[in-house]
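What follows is a set of structures to go through.
Here come two complexes built around chain A, the first alongside chain B, the second alongside chain C.
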Partner chain A sequence: MKSYVRRYPNTWWLNKSSYFFFMVREFTSIFVAGYCVFLVYFIYKLSQGPDAYYALIEALKSPLSIALHVIVFIFAVYHSITWFKLTPKIMILRIGEEQIPSFLISGANFFAWVVVSAILAWIISVV
Partner chain B sequence: MGGRVRYPGLDNLGGIRMSKSNEPIWWSLFAAGGVVSAIFIPIFIVITGLILPSSLTGEEAFAFERIHEAAAHPIVRLLVFCLIVFPLFTFAHRFRSILADVGLMKIRPVISVFCYGFAIFGTIITAVVLWNLS
Partner chain C sequence: MTERTMELEVLRYRPEQDQKPSFQTYVIPFKQEWVVLDAINYIKDNIDGSLSYRWSCRMGVCGSCGMMVNGIPKLTCAAFLKDYYPAKVRVEPLNGFPIQRDLVIVMDDFITKLEEIKPWIIRKEGEEKSLEEGEYLQTPAELAAYKQYSMCINCMLCYAACPVYCIDNSFIGPAAIALAQRYNMDSRDQGREIRQEVIASNEGVWECTFVGECSRVCPKNVDPAAAIQRGKVSGTIDYFKSVIIPWGGRRK
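Presenting the complex of A and B:
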C-alpha cells in the first residue's frame, strides 16, 4: 500500500503571512542555537585563563558583536513570546469544571520571564 | 496550519523505521529547550551584548576572578549545561522540520541524523568544556 503524500510548493510559507510568521518562529531556533554555541565558546575562553577571557571581553565590545547580539535578541524574544502564547494550548489547567483562561497561563509565564530575567541580570551583572 | 504540513509522518521519525516510542524523547528535549530558551536566553543576550560591553554595572562585575569562580561552581556548571544543551535539541527538532517543509522531505533520514547528531555532538562538547573549567 502506498501512502498518500499531499503535494505543495516549497514556497508555501510565502503565500500567507501567518505561514510566514510560523516559519520565522521556527527559524528563531537557529539564532538561539547559535548563541548557545557562543556560550560554549565563552566558557572555553574562561577556562583558558584571564588573557583569553579578557580578549573575548574586548571582542564583545566591538560594533559587530553588538549588532549580532541585537539581531539574535530580536529572534530570541520572538521565540519567547510565541512560546508563552503556545503554552496554554499545550497545558490545559482546570479548577474543578472550570478551565483556567489561557491569558492567565500566558500571563503567568510572561510575569515569570520578567522576574527571572531581572533576578539573573542582578546576580550576574551587579557586584 | 494543518498538522499534515507541519509534521508529516511524525510517528516515523525521519523515515527511519524506529519504534514509535522514540518520538516522545525527542519531543521532551525539544520542549525543555523551548522553555529554557524562552525564559533564560534573552537576558543572557542582554548581559553579553549590552550590559557587559557598556560596563553599565562597572568593570569589576565581569572581572575574570568573579565570573570564573561563579561559573566553576558545580551547581552553576550543571545549570549552564542545561542552558546550552536543551536549546540545541529545540534547534534540531525545528531545523529538521524546516528542511522537510521547504521540500527536502525525501532525504529526511539524513536530515534527522544530521540535526540530532549535531545536538548530541554539541552536548558532548559542552560537557567537556564545562568539565575542564576549574
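Presenting the complex of A and C:
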C-alpha cells in the first residue's frame, strides 16, 4: 500500500516561537563570527605600526561603525545568554544520586561572565 | 441544556482512493474530562468507522497515540479538549514520517534506527556472567546516572518535533541517541565503543543543531537534547584523547 510523504515547509521556523528563537540564535552567530574576523584584522593593523592603528581607530568613530557595533553587541549578548542558558543540558554533574540543579550550572557561567566583563571594564578604564 | 460541541479537523488519507491527504471536520460533543483520543474514539464509534489511528493504553505509557495536535506533537491521551475549547482542534499524523493511512504513520525508519544503536546491555567477550553467577549488581547512584533516559516510551514525538529529522531523516534522531546514552551510562554495559560507530557518525549526534524541541515535547521528561549534547562532549573527549595520548584512542 502506498504511503504519502508530506513536504516539510521551508517556513517551519515561523510556525512556533521556540523554533523562531532558535533561528535567531543561529543567525546571531554570523555576527559573532564576523566580529572575530574583524578583531584579527584589528590585530593585523596594530602590527602595521602606530599610523595604521590610529587610522583604523579614527575610521571606527564613524556613525556607521558605531551603529554596527551596537547591533553586534546586542546580538553577541543575545547569543551568550541563550548559550549560557543551555549549559545545564551539556554539563550534567552528579553528587551520588543527586543531580546538581541546572540553575547552579548556568548561574556559574553567568557569574563568570559578569566577573570577566568587570575585570575587562576595569582594565579598559585604567588603561 | 443543549450539549456543548466542538469541531475536530482530522487529516484523512485513504491510499486506495486519495491522491493526497485532506482535512475532514467532525463535530463532537465537548466533555470536560475528555482528551483528544476520547474524541477520536467517539468519531470512530459513532460518526465514521473508517478513521484509522493507533492507540492502546490511554494513560501515557504505551506511546502509540502520538499525533500532531494543533501543530504540536502530543500524546492524544494526555491532550485535554478543555485546553482548546471552544476553538477548533486540528489533528494530524506525526510530522517527519510517511503517512500509511489517516493518522497512522510508517515507523519503519525509527525502528531501524532503534536497532542500530543496539539498545540492550552488551558485555565484552568472556565477561558475560553465567546464570549461576547471578545478576550484575548496581548501586542506587549508578542507577540514577541513566534512569531518566530509560523512561523513553518510543512515542516518536521528539522525531516529529525535530526540524533536523523532518528535513533530512538520515539523522539517527533524539530517542535513539537518548537510548544509546541510557545503555552507555549503565554501569553493567560495556558496549559504548560499538554504539559510537553510529552515534559519532555523520548521521549521529553531530547532525543535531540543538533546537531543543525534542525535550520540550517529551511526555516522559527524558530530555533527549541533553543526551545528544552529552554525546557530543564525550565524542569530542574521545577525539582529543586519540590525538593527544598515543594509547588513548581506544578504551580497553
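We adopt the following convention: the second predicted complex is superposed on the first by the 118 of 127 C-alpha atoms of A that agree within 3 Å, B and C clash if a C-alpha of one lies under 4 Å from a C-alpha of the other, contacts with A are read in each partner's own complex, and residues count from 1 in each chain.
Simple rule for what comes next: a residue touches a chain if its C-beta (ideal position, glycine included) is under 8 Å from a C-beta of that chain, and two chains touch if they have at least 3 such contacts.
In this text, all values refer to a predicted model and were calculated from it rather than measured experimentally.
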Which superposed partner A:Ile92 touches (first chain B, second chain C, both, neither): second
Chain A residues touched by each partner, larger count belonging to chain B or chain C: B
Partner chain in contact with A:Ser80 - chain B first, chain C second, else both or neither: first
Partner chain(s) touched by A:Ala33 [first = chain B, second = chain C, both, neither]: first
Touched partner set for A:Ser18, first chain B, second chain C, both or neither: both
Partner chain in contact with A:Tyr8 - chain B first, chain C second, else both or neither: both
Chain A positions touched by chain B in one structure and by chain C in the second: 3, 5-6, 8, 12-13, 18-19, 22, 26
Chain C-facing residues of chain A, complex: 1-6, 8, 12-13, 15-16, 18-19, 22, 26, 86, 88-90, 92, 94, 96-99
Chain B-facing residues of chain A, complex: 3, 5-6, 8, 10-13, 18-19, 22-23, 26-27, 29-30, 32-33, 35-40, 42-44, 46-47, 49-50, 53-54, 57, 60-61, 65-66, 68-70, 72-73, 76-77, 79-80, 83-84, 109, 112-113, 116-117, 120-121, 124-127
Complex contacts: residues of chain C adjacent to chain A: 13, 15-16, 20-21, 71-72, 95-96, 98-101, 106, 140-141, 144-145, 163, 166-167, 209-213, 215-216, 223, 225-226, 229-230, 232-233
Complex contact set, residues of chain B against chain A: 1, 4-5, 8-9, 34-35, 37-53, 56-58, 60-62, 64, 66-68, 70-71, 80, 83-85, 87-88, 90-91, 93-95, 97-98, 101-103, 105, 122, 125-126, 129-130, 132-134
